[in-house]
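Both complexes below contain chain A, partnered by chain B and then by chain C.
Right after this comes the complex of A and B.
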C-alpha cells in the first residue's frame, strides 16, 4: 500500500496524471471511492480486500475526464471492466494509467492494456462462495420456483437504480428506462415495472458482466440482482465458450455472428 | 393499544422485518413489530406519500373517452406505529411541500387519515445527526402520541395532539398518570455536529462554491438517498396502459438522476453530478427554509447508510460548515 501511495504522489507531482481514482476509508468501517488530485492527499489511499467498488465506472464520466489524465487503482474486477469498456470504445488507453496491486501488496503498473489482458488471463477469479451457493440452489429449482424467488426479491425493489449507477457496464448516456417516447420500461416501482427493469438490464449485460457484483452490493434493499448477470455469464460460457473481460478483441458476444455458433433455436 | 387499533379497523404501518430487512410495512400482528431499533431501511413517508400513488383510470372505447379519478375519501385510516422522532417530524416538511400554493388532495387526505405513534430513540449510530437539524431523540414534533421506553417494560406516553388525546380517551385503561419522570435520562444522546440555522445562513451564498464539484466526484447518480429519505418529495407522473385504457399514477423521482431536469429541447440545466448534488443540499438547507420555513432534513441518516459510495451527508455538511 505504501508503494501505491508513493507512486500516486509521484504521478501527481510530476503532472503525469491530474487525478488518482482509488479507495479511502469512509464512515466507520466502510471503504469508499476516492479522487486524489493533490500529492499531499495521496496518503488517504488504502488498498485491501474491502475495496469492492468498481472504479471503472468513473473512467468514462465527463466529471472525471474533465479533471485531466487519470490513474486508477485496479483490483482484478476493475481490470476486467477496463478491457470490456475498451472493446466498447468507452476508454482510451492513452488517457489512463492503471495501477494494480497484488494480494502480496506488490504494485503492478501496467505498461499497456495488452499487459492487462495477459494478467487477467493468468489470474482467473472465482465467484464468492455465498453467490455460488445461491446460484446452485437457484439452478436446482424448477422455473416456477425460480420465478417465485425473483418475484419475492423484486417486490423489495424501489427503482432507485443504484444497481445501474454502480455498474461500469451501464455506460449508456441515456438508459432504456429514460426513454419516454415510447416508455419502454415502466418508471413506477410496481411488480411488472420491477421485472421489466431487472430483466432488461440482465439481458443488456449478458456477455458484458465483469462479475464484480457491485449492482447487488449497491442495492439498498439487499436484492441479489448481480446473480442474474452471474448466471447469464455462466450460461454464455457454456454455450459460447466465452467470458467477458478477458480479451481486447473488439467483438461483442451478442452482436457478432459466427457460422460455427450453435443456434439450434433458429431452426 | 395495538389490538384496539386493529379491531377498530385501522391499518397499522410499523417497523417489521421482512426478507431480512427492517422496514415500515402494514401488519396486523404485534409480535412482528420491532420496538427496539436504530433505523428502518425505508422511512415512514410512504404512509402519506407512497412510492406509487394511483391518480386516475381512463378508458378509450367506441363510446368515447372517459376517466375516473381515484376517490380519496376511500383512503384507509392508517396508524404509523413506532416511528422515531425523525420520521414523525418529517411529515411537517412533506406537508409544507404538498400544500405549498396548491393543496395536494392525495397527500393531505392520507395525512389527515394518519395517526402517528412515535417512539423515542434509546440508541443511535454514527449516521444519526437529528440534533444538528433541529430534531432530538425524544422530540414530540409530528407524533400524536410519543412513547418513550421506561425501565420495566412500560412506556412514558406523551399525548401531543387532539388526535392523540382522542385515542388515549378511547382506551383509558392503558394509561395511568405519572410524575417526576426525566425523559432526557431515558433517551439516547446524539452529539450535535453543526447548527442548522448557521448552516442555512452559510449555504445560501454557496451556489458557485467549488466544494460541490469536489464532494460529488464519487456520487454515482442513483436515487437511493432520495428514496430512503423521509422528506424527499419529488415525483414523476406516468400514464400506463394499452389501446383501450390505462392508469395514471405518480411515483418517486430523484434529483440525483442525470435526466431529472432534461428539457424537451435537450438542454439540461443540471448537466453534471455536482450540480445535482448541490441541488439536493441547497433544496434541503437553503430553498426549503427560505420558501416554506422548514428544513428538508430530519437527520435520520438513511441516505448515508444506503449510499453505495458512502456520500455521508452529515460529514459533507460538517465540511461545508468548516469552510
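Right after this comes the complex of A and C.
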C-alpha cells in the first residue's frame, strides 16, 4: 500500500499524470472512489479487499478526462474492464497509466495494455462461493421455476438504475431505457417494465461483462442482477469459447461472427 | 407474428401465395430489410403486446443479400434465446428459421407447424399477466 502511495505521489509531482483515480476511506467502514489531483493528498489512498468499486467507470467520463492524463488503481476486475473499454474505443492507451494491485498487496505497473492482456490471462478470475451456489441452483431449475425466481427478484426492483450507474460497460451517453419515442422500455417499476429493463440490460452486456459484480453490489434492493450476466457469460463461453476482458482484439461478440457458429434451434 | 427479411423469406412467402398454397391465416408478416435488422427489443415488445408465438426468418447462411447480416443475426439469436431460457421465458414460442425465396412450400410448412405447436402450448398467459402490470400502472399514474 505504501508503494502505491509513493508511486502516486511521484506521478503527480513529476506531472506525468494530473489525476490518480483510486480508493479512499469514506464514512464509517465504507470505501469510496477517490480522485487525487495533488501530491500531498496521495496519502489518502488505500487498498484492501473492501475496495470493490469498478474504477474503470471513471476513465472515459468527461469529468475525469478533462483533468488530463489519468493514473488508475486497478485490481484485476478493473484490468479486465480496461481491456474491454479499449476494444470499444472508449479508452486511449497513451492517456492512461495503470497501477495494477493484487489482493496480495503487490503493485504492478503495466507498461502497455498488451502486458495487461498477458497478466489477466495468467490470472483467471474466481466467482464468489455464494454466486456459484445460486447459479448452480438456477441451472438445476426448470423453466417455470426460473421464471418464478426472477419474477420474485424483479418485483423488488425500484428502477433506480444503480446497476447501470455502477457498470463501466454502460458507457452510452443515452441509454435505450431513456428513449421515449419510441419507448422501448416502460419507465415505471412495474412487473413488465422491470422485466424488460433487466432483459435488455443483460442483452446489451452480452459478451462484454467483465464479471466484477458491481451491478449486484450497487443494487439497493439486493437483487442479484449480476447473476444474469454471469450466467450468460458461462453460456457464451460454452457456445463461442470466448470470455470478455481477456483480449485486445477489436471484435466484440455480437459485432462479429463466424460462419461456423453452431446452433441447434434454427429450422 | 412473423418477422422476415425482404430478400428471402418475404419473397418465399410471396411464392407460397403465387403457388396457391394454403396455410394458416393467423400469421401477420412484417417485412424487414434483413434479419440483421431484427432487434431483440422488437421480439420483447411483441411478446409484451400479447403475441403467443413469433417466427423469425431470413436467408440461409451465405445467402444474405448484405453478405453477413444473417450471420450477425444468428449470433444474436443464440445469445437471446439463451437469455430467454435463463429468465424462464418459454423459448419454444420463438421459432427461428431459414426460408429462401425458392422455398414457398417450406414457408407454408413452417407457418402450419408453428401455429400447431403454439396452439398446443396455448396462450402465453404468464407473459400476458406480466404485461398487464403496464396497463395497471398507466391507470394509476394518469
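Assume the second predicted complex is superposed on the first by the 262 of 267 C-alpha atoms of A that agree within 3 Å, B and C clash if a C-alpha of one lies under 4 Å from a C-alpha of the other, contacts with A are read in each partner's own complex, and residues count from 1 in each chain.
Note that a contact is a pair of C-beta atoms (placed from the backbone, for glycine too) under 8 Å apart; a residue touches a chain by one contact, two chains touch by 3 or more.
Just so you know, these numbers come straight off a predicted model, no measurement behind them.
Student: Answer with first, second, both or neither: which of chain B and chain C does A:186 touch in the superposed model?
Tutor: both
Student: Quick check on the superposed pair: does A:145 touch chain B, chain C, both, or neither? Answer first, second, both or neither.
Tutor: second
Student: Would you check which partner chain A:217 touches, where first means chain B only, second means chain C only, and both and neither mean what they say?
Tutor: first
Student: Regarding the shared-chain residue A:174, is it in contact with chain B (first), chain C (second), both, or neither?
Tutor: Only chain B is touched by A:174; chain C is not.
Student: Looking at A:16, would you say it contacts chain B, chain C, both, or neither? Reply first, second, both or neither.
Tutor: A:16 sits against neither chain B nor chain C.
Student: Would you check which partner chain A:26 touches, where first means chain B only, second means chain C only, and both and neither mean what they say?
Tutor: first
Student: Please work out whether A:53 is in contact with chain B alone, chain C alone, both, or neither, and reply first, second, both or neither.
Tutor: A:53: touches chain B, not chain C.
Student: Go through the superposed model and pick first if A:64 touches only chain B, second if only chain C, both, or neither.
Tutor: It touches chain B, and chain C stays clear.
Student: Touching chain B and also chain C: which chain A residues?
Tutor: Touching chain B in the first complex and chain C in the second, residues 186, 188, 190 of chain A appear in both lists.
Student: State the interface residues of chain B toward chain A in the complex, per the touch definition above.
Tutor: 18-21, 41-42, 51-52, 126-127, 213-214, 216-218, 220-224, 226-228, 236, 238, 240, 249, 251-252, 254, 257-259, 272-274, 304, 306, 308-310, 312, 315
Student: Which residues, counting only chain A, touch chain C once they are in their complex?
Tutor: Chain A reaches chain C through residues 138, 141, 143-151, 176, 184, 186, 188, 190-193, 195-196, 198-200, 202-203, 206-207, 228, 231-232, 235-236, 239-240, 253-259, 261, 263, 265-267.
Student: So in the complex, which bits of chain C are touching chain A?
Tutor: 40-41, 44-45, 48, 61-62, 68, 71-72, 74-83, 85-91, 95-98, 110, 126, 130-134, 136-138, 141
Student: Using the touch definition from the top, list the residues of chain A that touch chain B in their complex.
Tutor: Counting only chain A, the residues touching chain B are 26-28, 30-35, 53, 57-58, 61-64, 152-153, 156, 158-162, 164-166, 174, 178, 183, 186-190, 214, 217-218, 220-222.
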